[in-house]
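Okay, so chain A shows up in both of these, paired with chain B first and chain C after.
Up next is the complex of A and B:
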């Protein structure tokens, strides 16, 4: 069931209706059953089975960790619980990758073998609930969370349908208390939820999917494009990915909010980050905080005796894992490593860089914000090339062509202005190109312009600007949004982050 | 408490009205940006065609939605009146099936023929006019085609216009080509939208209707199909009542009509030959045949609206008999005859409705014609 489909909207309304008439005590049951049905609707029953195994395993290991008296026992239960989750994740998500690499290796080494793990399954949502389960076990192990004694509540916290297939990756101490206190639908949350849902839908079907029409032809056939085209396609991809994923997150948060559940905000203007470290505080926040807490910090702690090199190596390892989590392909691994290197280099050369800035004359040894944002954005885009490229070779070819062939594509101005424009607009009509640029501007800045931050909600809850509009402005905004979603949406594209 | 609810109600009404109004404004701006449509005045397919002294023709440099006419009023890119000496000018002449209805722009068969022949010295012009019937071919050719000095004319003649001309002329006045048809085609549901001549016209209404249809065809295809069938049957019985006045629709084409068609076609061929134009005559393909009548009841019934004096069996008879005449006459008069009616598989993959093609249907026709033209050229060059 595609989350941008009418089916999903009808399903959500049906669940909401059932939820509304269900007595408070059993509201969790209606949500759990609906979530199971939602997951089952993907046509792969083993997914539901895996979710059940993860839930039951996590439930019991959580209790064992909590009840174990000796620290060593706690540790054993914790590692067993985590190992079980990781095995399920590997079996469901990484077998094609493992098989492919075994084949490559045996071919390269001239070894005759037919060994294959064999089963290649669809793993929608698995990495999200597995990561949430690991976080739950880790929190109990670290004694920052008490285990949930009610299996139903835990099951719902892992399977809650708005966040099941693409996150956010919720922490136990954030979602469990909300699930335990499910309340009747209230008008304010319903209004915020509806606004969030449609704003997210707009970002996904109108902005991101339109951008994909520009990006996909370039990245799927790198041999016929060069220079400037790669630059523009990569910039547009940066925005496509952001609007695709943040659109989904808004929709998920919107649906959840209708049930009075507040999910974590995953984005906070990531392309305004002033460093790559800052970027990871603003991009896929639920995931980056997860890898920070459960991966980076333990590794860093274990490498504390490596002095200066401990943190950078911990960062590289962490982002290597992050790359693998994003996808079973070397392009993602390389993308993760690049981020690890960006962050690690920042740590290693922090002092030297500050000294250089001071020498140049920048105040407080810092680059001006706009310059930091500009450089960070380009570093992020550089890494996105490998994230989007179909193969590592394609990625390198794009980088090479972007640098080597850029003058060639810029000199086209002298030859033929029309050809130059064609390159700039990636072969699409200028009206279409400027429409998407306008849409990017609208989606990026309209909330910021209207947001007065006068409400109690966090400023990151960007959709609250809707509620600050007058009736007249609201009618106009609803009209424009509905028109764009219904008639200008280029949907039927699945979410990029769903594959992770 | 009541005051609070009244305020809430009034607020909701204001927001709803503004939302609806904004959607309408957006629809107009969208049409204006996408197709250069006027913001305030009416926007219909009538802007594409005109009836100049009884000769139906396209208006030059006009546009309606995806349909665009060039500087001569033909579909496609602008052309020059005089042709280069080494270029063979081919004019494709038909009605809506050749002008292009369901195809994406540039995918109608004459445009695909142009692409197929691009490496050879041919110039392909799509001079088709929606609703052009055989009786209007000659005056149209004299006025609009002969000045172009064509070397070859490819004739696609819609038999329904001849067999059902009285009803067709009256009924088509209430049918318009709508943007939305483009989308409907994808779902396989085809029906014309009617509109009145009154003042204000909602531009957003057909768009909304189409989205709803699209959703229904995706999620409740059977419900949509049965409701469409019901609607079409209702429309047909109304049209029957109005035009047949108690007479029964016929199952066979009257001999008089066939004789008349033979004479008209014969005269057209003779005249073109007289002007020294090479002729390629085609048969007329249709989706429905006697073997698949039950498969597409909605499509066939929809087509019957234009041919109300014939029963469904009678309509099949029209295609069969008229195509027979085209083949016999073509062979008799020694012109190239392409039997494209048997070329296109009877499926909605190749057809948009009973007589209009999809991109793929047009592709098959273009390939067949280009093959014939290139073979002819090869044959002529060898002498």
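Up next is the complex of A and C:
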């Protein structure tokens, strides 16, 4: 069931109606059954089976960790629980990647073997609920969370349908208390939920999917493009990915909010980051805080006596895992490693860089913000090239051509002004190009311009600005949004982050 | 009290700021430059000066200066 489809909207409304008439005591049952039905609708029953195994395993291991008296026993149960989760993730998500690399390796080494794991499955949502389960077990092990005794509540916290296939990756401390206190539908949350849902839908089908029409032709056939085209396509891809994923997150948070559940905000103006470390505090926040707490910190503390190399190595390992989590392909691994290298280099040369800035005369040894934002955005885009490229070789070719062929495509050498314009607009009519740029500007800045104050210190992307409009203006905004969604939305494509 | 004063000296040294005053509720957000890198430097310096070792679990659950101080006190009194 595609989240941007009418089917999903009807499904959500049906679940909401059933939820509304279900007595308080059994509201969790209505949501759990609906979530299972939703997952079943993807046509792969083993997904629901895997979710059940993960839920039951996590439930019992959580209780064992808590009840174990000896620290060593707690540790064993914790590792067994995490291991079980990781095995399920590998079996569902990484078998094609493992098989492909076994084949490559045996061919290169000239080894005769037919060994293949064989089964290649669909893994929609698995990495998200597996990561949430691991966080749950880790929090119990670290004694910052008590295990949930009610299996149904834990099951719903993992399977809750708005966030099942693409997150946010929730923490037990945040979602479990809300699930245990499910309440009747209230008008305020229903209104906020509806605003979030439609604003997210607009970002996805009108902005992100229109941008993909510019980006896809370039990235799917890199040999026929060069120079400036790669710059423009990569900038547009950066915004496509942001509006795709933040659009989804708004929709998920919107539907959840209708049931009075507040999911974690995943984004906070990521392209205004002043360093790559700052970027990771603003991009896919539920994931980046997960890798910081459960991967980076434990590795970093273990390597703390490796002098100044411990932290950069911990960063590179963490972002290697982040890369492979995003996708079973070398392009994602390389993308992750690039981020690890960016952050690690920042740590190793921190003192020297500060000294240089001081010598140049920048205040407090820091670059001016606009320059930091500009450089950070370009480092992020450099890494996005490999995230989006179909193969690593494509990625390297794009980088090479962006540098070598840039003078040519800027009509300084060889090409005419007409060719330059064609490259600027990626071969599309100028009206179409400027309309997507306008959409980017609207989707980025409208919330900031209209949002006078936030009611509960929500991040900038929260759509509370909707509520601050008069009812007439709100009606106009809804009318325009619905018009754009229905008549100008590109034919809905699946979400990029759904494949992870 | 002596441990807290010693801890304050370590904070001043690691964060290169002589004005730091420690309170039990103080967190990383309250000290300029207390990021993940300087946090590791802080922990290593504390472990070396007090001749103690924190466990992984302790390191992952310290919430504020109060937690840190309590743990140092416990370990130092055992060593004595």
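Everything that follows uses one rule, which is that the second predicted complex is superposed on the first by the 491 of 500 C-alpha atoms of A that agree within 3 Å, B and C clash if a C-alpha of one lies under 4 Å from a C-alpha of the other, contacts with A are read in each partner's own complex, and residues count from 1 in each chain.
In this text, a residue touches a chain if its C-beta (ideal position, glycine included) is under 8 Å from a C-beta of that chain, and two chains touch if they have at least 3 such contacts.
No experiment lies behind these values; they were computed from the predicted model shown.
> After superposition on the shared chain, which partner residues are touched by A:347: those of chain B (first), chain C (second), both, or neither?
second
> State whether A:300 touches chain B only (first), chain C only (second), both chains, or neither.
Only chain C is touched by A:300; chain B is not.
> Output check: A:480 vs chain B and chain C. Expected answer is one of first, second, both, neither. What do you get?
After superposition on chain A, A:480 lies in contact with chain B alone.
> Now for A:7: first (chain B), second (chain C), both, or neither, which partner does it touch?
After superposing on A, A:7 lies in contact with chain B but is clear of chain C.
> Of the partners chain B and chain C, which touch A:431 in the superposed model: first, second, both, neither?
The first partner, chain B, only.
> Give one of first, second, both or neither to describe whether A:142 is in contact with chain B, with chain C, with both, or with none.
second
> Looking at the overlay, does A:472 come into contact with chain B only (first), chain C only (second), both, or neither?
Touch status of A:472: first partner only.
> Output the chain A positions appearing in both contact lists, the one against chain B and the one against chain C.
Chain A residues touching both partners: none found.
> So in the complex, the part of chain C that touches chain A is made up of which residues?
Touching chain A: residues 35-37, 40, 43-44, 56-57, 59-61 of chain C.
> Residues of chain B touching chain A in their complex?
Chain B reaches chain A through residues 11, 14-23, 25-27, 30, 33-34, 204, 207-208, 211, 215, 218-219.
> With touch defined as at the start, can you tell me which chain A residues reach chain B in the complex?
Touching chain B: residues 6-7, 431, 471-472, 474-476, 478-480, 482-484, 486-488 of chain A.
> Could you pull out which chain A residues touch chain C in their complex?
For this pair, the touching residues of chain A are 141-144, 277, 292-293, 296-298, 300-302, 304-305, 310-311, 347, 350.
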